[in-house]
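Take a look at the following structure, please.
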Amino acid sequence: MNKLKKLKMGMIGGGPGAFIGAIHRNAALMDGLIELTAGVFSSDPLKSKQMGEELMLDPSRVYASYDEMFANELLLPIDERIDIVSIVTPNHVHFDTAKKALELGFHVVLDKPMTLNYTEAKILYKCITESQGLFCLTHTYTGYPMVKQMKQMIQQGAIGTVKKVYVEYPQGWLYRLLEYENKQASWRTDPKRNGEAGCFGDIGTHAFNLAEYVTGLEVVQLCASLDIKVEGRFVDDDGVVLMRFSNGATGVLTASQINTGAENNLKIRVYGDAGGLEWEQELNNSLTVRWPDKPAEVYRAGTSYLGSLAKANTRTPAGHPEGYIEAFANIYRNFARTIYAKRKDEEPVSEWLDFPGATDGIRGMAFIQKVLESNASHQKWIPFSVQLD
Amino acid sequence: MNKLKKLKMGMIGGGPGAFIGAIHRNAALMDGLIELTAGVFSSDPLKSKQMGEELMLDPSRVYASYDEMFANELLLPIDERIDIVSIVTPNHVHFDTAKKALELGFHVVLDKPMTLNYTEAKILYKCITESQGLFCLTHTYTGYPMVKQMKQMIQQGAIGTVKKVYVEYPQGWLYRLLEYENKQASWRTDPKRNGEAGCFGDIGTHAFNLAEYVTGLEVVQLCASLDIKVEGRFVDDDGVVLMRFSNGATGVLTASQINTGAENNLKIRVYGDAGGLEWEQELNNSLTVRWPDKPAEVYRAGTSYLGSLAKANTRTPAGHPEGYIEAFANIYRNFARTIYAKRKDEEPVSEWLDFPGATDGIRGMAFIQKVLESNASHQKWIPFSVQLD
Amino acid sequence: MNKLKKLKMGMIGGGPGAFIGAIHRNAALMDGLIELTAGVFSSDPLKSKQMGEELMLDPSRVYASYDEMFANELLLPIDERIDIVSIVTPNHVHFDTAKKALELGFHVVLDKPMTLNYTEAKILYKCITESQGLFCLTHTYTGYPMVKQMKQMIQQGAIGTVKKVYVEYPQGWLYRLLEYENKQASWRTDPKRNGEAGCFGDIGTHAFNLAEYVTGLEVVQLCASLDIKVEGRFVDDDGVVLMRFSNGATGVLTASQINTGAENNLKIRVYGDAGGLEWEQELNNSLTVRWPDKPAEVYRAGTSYLGSLAKANTRTPAGHPEGYIEAFANIYRNFARTIYAKRKDEEPVSEWLDFPGATDGIRGMAFIQKVLESNASHQKWIPFSVQLD
Amino acid sequence: MNKLKKLKMGMIGGGPGAFIGAIHRNAALMDGLIELTAGVFSSDPLKSKQMGEELMLDPSRVYASYDEMFANELLLPIDERIDIVSIVTPNHVHFDTAKKALELGFHVVLDKPMTLNYTEAKILYKCITESQGLFCLTHTYTGYPMVKQMKQMIQQGAIGTVKKVYVEYPQGWLYRLLEYENKQASWRTDPKRNGEAGCFGDIGTHAFNLAEYVTGLEVVQLCASLDIKVEGRFVDDDGVVLMRFSNGATGVLTASQINTGAENNLKIRVYGDAGGLEWEQELNNSLTVRWPDKPAEVYRAGTSYLGSLAKANTRTPAGHPEGYIEAFANIYRNFARTIYAKRKDEEPVSEWLDFPGATDGIRGMAFIQKVLESNASHQKWIPFSVQLD
């Protein structure tokens, strides 16, 4: 009898003090479908061991390098070895780790953005399409139930034809030159580890992904203007991108890390010719729906009247707020459910397949590339598309 | 003995169903400094008479044309004739009325934008500077106490050097082709009555004025992209303007009349290198102040801790909300106080002088002009300045 | 021909520094139906004169006492004398002024609560019912358009049978012994000028009035518990009243002046067996409507979908916030319209008649009386009703 | 060497469709300190098996009864058997399961309220104090970081002496007779399974616990008034409790399940003589701090300026909202850390010990008992205390 077992995960990155690695673990574990079995948590083998100990892992499954992890795990019987590789390192490590893992047949969860640059992204994209392993990119914000509700309502025509999109991602933590005293700031402003785009590589891509995700539209032209607002910094920390979508709709995307005092209130508003939808992360369990001649409605997570996509991505009844970790966990849970379905040779239900993947990844990297190009140009609009070769 | 008397006001425009005329009257009357004495309320003499009757005016002071009003009032003894002409017509009537009134020595309150186009504005500007009459332009939103608090805090360095400005003016009422069934929509989308710019002439100028007002900075370059989103419309109903300010700060200004379901929630956020300020009209009695390493603060109208500018522009104690009409009334009250001071040959206190005037007017019209120019250009940035000849 | 003229108002109280007097003037003047013609603004004749001068009144109409005002005004021709007496003094002056004014045939606007005590109230109530003059009591909060919408929706059965009412009135300004340094605090905590109930006389009555107004129900039993939280104070500054309504619904009313830092956010929530309604003064232009199995709706002032009562009590389109002064002005405007209708021997439209009057006044004073009785009793519930003899 | 291992948990209850059981599992698993190893998920052995299978448990660890679970687990080697028993059944099963588990030396996590009635509670309380096992009661809401911040600020005197407490727990889901069609409604309104108090047993106790937790004060007198608002129901579904605290402060506690349309927005406000604190669950990552003469502050979860208690109970940086499951997980994580400390014979840090336990349990059951007593009495106030015999 072929009983289901928890999926085993090996993590790359996520050592002491790494914010996003810890979140990945919370998210992966929460729903009881995945267990953390192995890992290489730091490029420093000693730190990796210590982290493994803290996480109460079997010491023989805590590795000094990802090559070692891949090699050793492949020697284990198939039902003991890791199923999923979760990559939560700075961006410059994404490409090699993900590529190797996929080539060896592991399923891969990769933190965004996909790679250090567009060139790497195109290769990795090809690799994903050819791999047996499934691939998932953690654009967290599309994991929120009310973001999914927004997508589904637009898809179903609730607000008519989309005409206008505003997406803003305001942060303030880099309001001064923090890079020499803060580890996060150090790598996220370092072109070698983060990529050529600073703010737009880190959070601009989230905003772009969110806009395309909820509208179901693709950007076809853009006009970007980036700035370095803090003297001594090497990458953009603020900017704006104007967008034209495939259906003629237009959009404005702002992202900043120098909105002093701002935390992380990613916000998106979409207006169609029949209504409008507004969501912001700080009030993530609500979705405001606006109408021309009747009262605005506030849709709430966990309620009976939501669509299938939101419903498949909640855990609590209305009024019991879910948050960032649950949004993250929705990605892991959908990814795990899709893996299970694949194992059982079943078609995953469409709601489970709703997690970000290769296309999100390659489009995000193209976005970074094109934003940098546009920023360097005196011309207002430039075309945008993904070209794989 | 030279006793003070209420200032007498004659109104041009503001007939039956004209929203903004009624607001001007509420605002002018509220504080007991001004009385409505005369008027020509419609280009249709009969309607003007009817309106005058409804307003319980002396029928002999209700006129069929503004020329008639000017002529007749000037025949009256100086302490009986009107002191102030309030012009609340569609834009194409602003120039001639204001110019004549000023040339005849009346004080003028003019609804925004100043004129139909930049050419007229330059002439009127010169006329204002040469007139005995005082001039006031009703950019209402700078009348809000917490907007004034924002200005004063920035002026006093509370948030350090301004780095970033976001201003947005979302409306949704023109989400469909309303111009053939709604009087307001009809003239506001008619280039001949409203000017070449639709949305940006009507509300874009408000947003621009607000941004320059609160920051005390001037825009020196801009990049605009406007759209007509509703088929059959003759003027822009949506757009975005990127701005560069005199001190190197940058800004994003969005305005729309097709954000379906949006009402009128004008919002401005300004970030300096020491803190941030956020205000929105729907919550007009609050001002959010953000800091890098301590809790955000919510400043409230009517409190003891506000600066002199906010304090001089409130009527109620904290927790007794003032609104749009009071913001409007602040402009009228400051204008009236300045007139009184002038009469008494006294220097008005600086807080009273804080009402929008000729410079706001000419800059607003230059903004409209440059936005249209930029929109027509393939070049990203164009310079912005006011040139009087 | 009998043309309409503005109604002439004489004010009693409202001298220098008196908050509520100035608000009454703003409210009365705003809509152009009433003019301030006369007044006795202080018990100190010199101060009264100075205030009259500041208000630019004819000095011969500024009086040293209300008896003088009544006598002199009655000597004037009927179309010159005051029509309305507006009484904005501390509570201990309400009874004699209002009674005399009504007996002399003036219309009376009286600030709440009606009188110093229940005994006076019963006499004044009788006097009102017998007078030619119309009477209006400024329970401001029922003047808000969205409060009126709430009333009308309940009346029309939108939320089914009312089951539960919560009303809260939190203030913090008396969090310490302010009475020896602040004029407002001094009389509002003085049993001789304010009445035996402090907080419950001042703001508890507003909350009670609001609850009965919006529900259309009457309290029939109550259970009160009051406290003096600040040592050295002579009257209650905090408390709670449990209520049972005529239809079996129950309610909780809290009021406090020692909720340190709280401003004035009067809030009411009413739940029926089909839906719920929630309103708070800080967000006075919104009304939240809750339903069991569909999204909450946010009704907004100035919109097309509101009922007749809200519509008759707004001035601005949606998104242009009105506030406290407009709520106040709604009372004055409705009162004035009713007076005009009476003069023209017409039936006032029902929306104009929706202002607080004698019944609100007598019930409010009975509330104060019964709350004090209940507070002194060990018994949980006591009956509540108005008994005129 | 004695390496740490994950704590093993056996669950009682939490079968198919049981909301709170699933939440317990999310919360227990999230932080990687606890694994679900065994369980009896339903009183129906078949359903229990199915649930175990769905949870991918070893079938030999899925039991038909809790007696069987206890017996079998005790036969296992100590490092394989369960460490923690998590009880998530309806209330009438709490007593016997918890008592037996504790007597057998297991650590116990028990869902609130502690037992079916006060008599059981007193026995269980004694049992807890005598047991080797540690005990934890999941009053979830005290797990929120900003609730803990509130507690710590009050403890440190930030708002001076506490004078007033308002706590409200509004729900609407039982607005009609749902008990014959909804499983949750069925047992929660059944005196035999839920206890004599309905709403006040279910959510009133949460509100009571929260009030005592954040203030650090004990209720010493109360006055309760409960109602059955829906015909045909057997237990209270709405009510109010007035409270007097040990230091003379007073409080108002409202709880309802018939606030039609209300979800679950538990809210608490505490005012001292120097400031005020306000928290509500819908905005759980914020804490509003009010001051008499300066702007209100909004403290935010995940920031640098918070106290040790909040900091020890978050996972994400500011602006990445945590929610209900994380609040729940904080209880499990603190409980687990305390168990680990005990095992290592170390003193747990005080922040870990901050989870609800036996005292919360017994006081909660006394609250239910006294509320029922007071409700049945005509006397206004009755004394409140816990008496163990």
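A, B, C and D are the chain letters, set down in written order, and residue numbers restart from 1 in every chain.
The rule we apply is simple: a contact is a pair of C-beta atoms (placed from the backbone, for glycine too) under 8 Å apart; a residue touches a chain by one contact, two chains touch by 3 or more.
Note that the structure is predicted; figures quoted are calculated from it, not measured.
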| item | value |
| --- | --- |
| Higher-contact pair (C-beta pairs counted), A-C versus A-D | A-D |
| Most remote chain, CA-based centroid, reference being chain B | D |
| Averaged-CA centre spacing for the pair chain C and chain A, given as whole angstrom | 55 |
| Distance from the mean Cα position of chain D to that of chain C, given in whole angstrom | 44 |
| Centre-of-Cα separation between chain D and chain A, whole angstrom | 34 |
| Chain A: positions in contact with at least two other chains | 262, 289, 296, 300 |
| Touching residues (chain side chain A, partner chain C) in the complex | 289, 293-300, 303-305 |
| Chain A-facing residues of chain D, complex | 3-6, 19, 22-23, 25-26, 29-33, 35-36, 53, 55-56, 171, 262-265, 281-285, 300, 302, 315-326 |
| Touch list for chain B against partner chain A, complex | 159-160, 163-164, 166, 168, 170, 172-173, 175-176, 223, 225, 227, 229-230, 238, 240, 242, 250, 252, 254, 256, 258-262, 269, 271-276, 289-292, 296, 377-381 |
